[in-house]
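Shared between the two complexes below is subunit A, which has subunit B as its partner in the first and subunit C in the second.
And now, the complex of A and B:
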């Protein structure tokens, strides 16, 4: 057990280049997920985010087998899935959540079968599923950074449109905005975020970074920009502590990061519940 | 591969005991998933199922570490998560979708971290997630059969109530029935199905077997009885076809079954006589032609 009150405990891991790179990449992902997570939580897109996290899998595998850019492969698969889900859930017979559930499992099964064709399947599979912050290379870091910058830039420029379409699609349509196109843009941004986060926290836990910090932020803040800011800060804090814990306790970094974020969420929830009860008693 | 019309093509693999066991398992799990999946689809519980299967993952890892019954541990955690979804989802500032997202993230992350401590002996992550029906033990088979019987009896006895709550919760409430109780029963059944199907198609792919056959049936019929029947036929036959394909081609069984299931769903979605995509397109085209151009 390292001494928690000694500066050395915190500086020592940072001497290693792989920890520096991993921490930086995870921080970028956390901030990105905080901003996009605000949309996910306020619009109730958690299941879609979860499904996209799984559905990009076959694209990533195909790209991996063909020695192609993983990110591009994942993006193509993500966009195809989104189109498929929206087409299928147009049928009045099928709920959107059912369509999401079928689509992502089938996509994932496809990816798993494809991966079986390659030699290093099992290791690669678990890497993709649970991620590994400490395996981030310099070019990955550059790529994640530029993706993050582009997504944040687009959200910044299109902010008014995205918010309008998210919260009042009828008004947006009346104002002559193209609602389906703006929604599609939001989903593509979500897909890009998920693919960028793949390597850091892994396929399965991406949705956690999207949902948990933003859900916590929503407990304490109301305006959307505030939710984004608080979520980014919580995500970043969870990431830093998760990376340190995974370094010292030698556990999977993705799991550690998400558990830290969940702890913050449940703590906030308890504090709020306690405060509410106290206030109600005061009012009586 | 010999000819498809030669009975030996299908009978020869069955001489191996592991294939016999796998075949029985696939049929049993298919029946169970179709039966419960119908109610899950009608009630719109797909995302709840998604959360539960994550909870089952942590339940299995936990009971492995503590040395308890895998099935018991998985069930317990799944029901705990279902209850928490109910409690958290009712909070106005959280909402059901987010509550489910948070809970399954938490449980899955916990499962992965716990898996770290159980490196030795625990089946590897890929097997857990994708299933291994060819390695199913006779005891698990008996357990699965027991679960199928229990589910059939429960649904048979409470059929009317379950159907009413699944189709029209508001009406059920107005008639003085407790929606919470019947939803709770459905959630217990869902947890049972997810846990039992764990070994056949794996934790990650269970949802497909639960949703795809029932949705296929929904596209073909409106009545609940035939819907369950069609779902069962789809689930069982995709299970068997997937098992054989995976045997001949030497590919993992779980994903193959899911892909066969998905293919059946996709074809039905395109070609269904009343609600199919092709029929809808044709209908729209005829409508457009019948209206004279302005």
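And now, the complex of A and C:
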């Protein structure tokens, strides 16, 4: 057990380049998930997030088999799934959740079948299910950073349109805005964020990093930009703690990061419940 | 009961809305069946009909938010795409999620988005207009509140303020009196009357018949098609209401008191 009160405990892992790279990539992912998570939580897109996490899987497997960049492969599969869901759910007979349920299981099943064809792929890709920050290479870090910059830039530029379509699609349509296209943009940004998170928290746990920090932020912050900021900070804190825990306890980083975020969530929930109770008593 | 041509401001001679033989369907279900309607300018016109009559669909078709299978819609004499900035649309209050983390001012500023376009953000002029509109609906003190903290009537007034900042010549309101208090109702009607004095046209749907009887100039009785259209006293009759609302409405006594079963 490392001594928590010694500076050395915190500096030692950072001497390793692979820890530096992994931590940096995980921090970028945490900030990205905080910003996109604010949309996920306010619009109730947790299911879509979970589905996209699974749907990128066949893209990653194909990329591995073709010796292509894994994240790029996942990106293509995620974007294709998003477009498919948007098109199918335009029919009035098919609810969006049904379209999501169909598409992501099809994609995941396809990925599982592909994975069976190659034993080396199974071993190499199992990491992407739960994430491993120490496997982040320099080119992955560059790609994650670029994805992060592009997503944040687009959210920044299109912020008012994304909020308009999220809050009042009827007004957006009346103002002449292309509502399906703007929604598709939001979903693609979500898919891209998930792909960026594959290596650090893995495709199964990414939904937790999208939902938990933003849900915590919603308990304490009010306007949407504040929720984004607080969620990014909570995600970053959980990431740093999770990476250190995974380093010293030798456990999977994705699980450690997500459990840390969940701890913050339940702690905030408890504090708030306690405060409400105290305020009620004070009011009597 | 035909379209009553009424005196209006000289620069507002063309109809506010003209709908010609439009049909709207969701899949195989026809919601609006071959409807034609011409709304005169500078009036407050009520759209009455039971739930499921297609009132919302008609408003959305006028504003171009609902695809029309057949027929033509012209707004202020032009296709909707040419005049979007001159049209304000207020959806039903229940259509949006009021727990969305937005302030009152944020929502009112959305009324400016039509003029701002895709890329520009609201500036100080837009904020001034938004605050002025909030003053008109008596909510300026609550401008920084989260919209979820407001009562139903206050939420409806925020929506009205958002329509006012559009400075539109045609205002379309979907069920603005649904679940609100009488104070809010009179505040809203006072403001709509002020809009009419500016030569603007108001078209609002409701199933609250008493409010429209007192405050509208003309009424459209609607149930998939136009049952009747004209001055209030001509539309507000037992036979018309009966064929619009079916057996859900009964006209009782010599004062024509209405009984509506929902």
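One rule holds for everything that comes next: the second predicted complex is superposed on the first by the 271 of 284 C-alpha atoms of A that agree within 3 Å, B and C clash if a C-alpha of one lies under 4 Å from a C-alpha of the other, contacts with A are read in each partner's own complex, and residues count from 1 in each chain.
Note that a contact is a pair of C-beta atoms (placed from the backbone, for glycine too) under 8 Å apart; a residue touches a chain by one contact, two chains touch by 3 or more.
The model shown is predicted, which means the values in this text are computed figures rather than measured ones.
Asker: Give one word, clash or fit, describing how subunit B and subunit C relate on subunit A after superposing.
Answerer: In the arrangement built by aligning on subunit A, the partners subunit C and subunit B fit side by side.
Asker: What is the contact status of A:168 with respect to subunit B (first) and subunit C (second): first, second, both, or neither?
Answerer: Only subunit C is touched by A:168; subunit B is not.
Asker: Return the chain, subunit B or subunit C, that is in touch with more residues of subunit A.
Answerer: B
Asker: Is A:237 touching the first partner subunit B, the second partner subunit C, both, or neither of them?
Answerer: neither
Asker: Given the touch rule stated above, what does A:93 touch, subunit B (first), subunit C (second), both, or neither?
Answerer: both
Asker: Quick one: is A:224 in contact with subunit B, with subunit C, with both, or with neither? Answer first, second, both or neither.
Answerer: second
Asker: Return first, second, both or neither, reflecting whether A:116 touches subunit B, subunit C, both chains, or no partner chain.
Answerer: A:116: touches subunit B, not subunit C.
Asker: Output check: A:265 vs subunit B and subunit C. Expected answer is one of first, second, both, neither. What do you get?
Answerer: The first partner, subunit B, only.
Asker: Output check: A:256 vs subunit B and subunit C. Expected answer is one of first, second, both, neither. What do you get?
Answerer: It touches subunit B, and subunit C stays clear.
Asker: By the touch definition at the top of the document, which applies to A:65: first (subunit B), second (subunit C), both, or neither?
Answerer: Neither subunit B nor subunit C is touched by A:65.
Asker: Taking the superposition as given, does A:135 touch the first partner, subunit B, the second, subunit C, both, or neither?
Answerer: neither
Asker: Subunit B and subunit C, closest CA-CA distance after overlay, in Å?
Answerer: 6
Asker: Of the residues on subunit A, which ones does subunit B touch that subunit C also touches?
Answerer: Looking at subunit A, the two contact sets intersect at 92-93, 218.
Asker: Over in the complex, which subunit C residues touch subunit A? Could you list them?
Answerer: 26-27, 60, 63-65, 81, 84, 87, 89, 91, 95-97, 100-103, 106-107, 110, 113-114, 116, 118-119, 121-122, 146, 162
Asker: Mind pulling up the subunit A residues that touch subunit C in the complex?
Answerer: So the residues of subunit A in touch with subunit C come to 42, 92-93, 157-158, 160-161, 163-164, 166-168, 170-171, 173-177, 218, 221-224, 227.
Asker: Please output the residues of subunit A touching subunit B within their complex, sorted ascending.
Answerer: Answer in residue numbers: 40-41, 44-47, 49-50, 54, 88, 91-95, 97-98, 100-102, 105-106, 108-110, 112-113, 116, 121-122, 125-126, 129-130, 204-205, 207-208, 210-212, 215, 218-219, 250-252, 254-256, 258-259, 261-262, 265-266, 269.
Asker: Note which residues of subunit B are touching subunit A in the complex, please.
Answerer: Within the complex, subunit B touches subunit A at residues 41, 44, 46-47, 49-50, 88, 93-95, 97-98, 100-102, 104-106, 108-113, 115-116, 124-126, 129-130, 204-205, 207-208, 210-212, 215, 218-219, 251-252, 254-256, 258-259, 261-262, 265, 269, 275, 277, 280.
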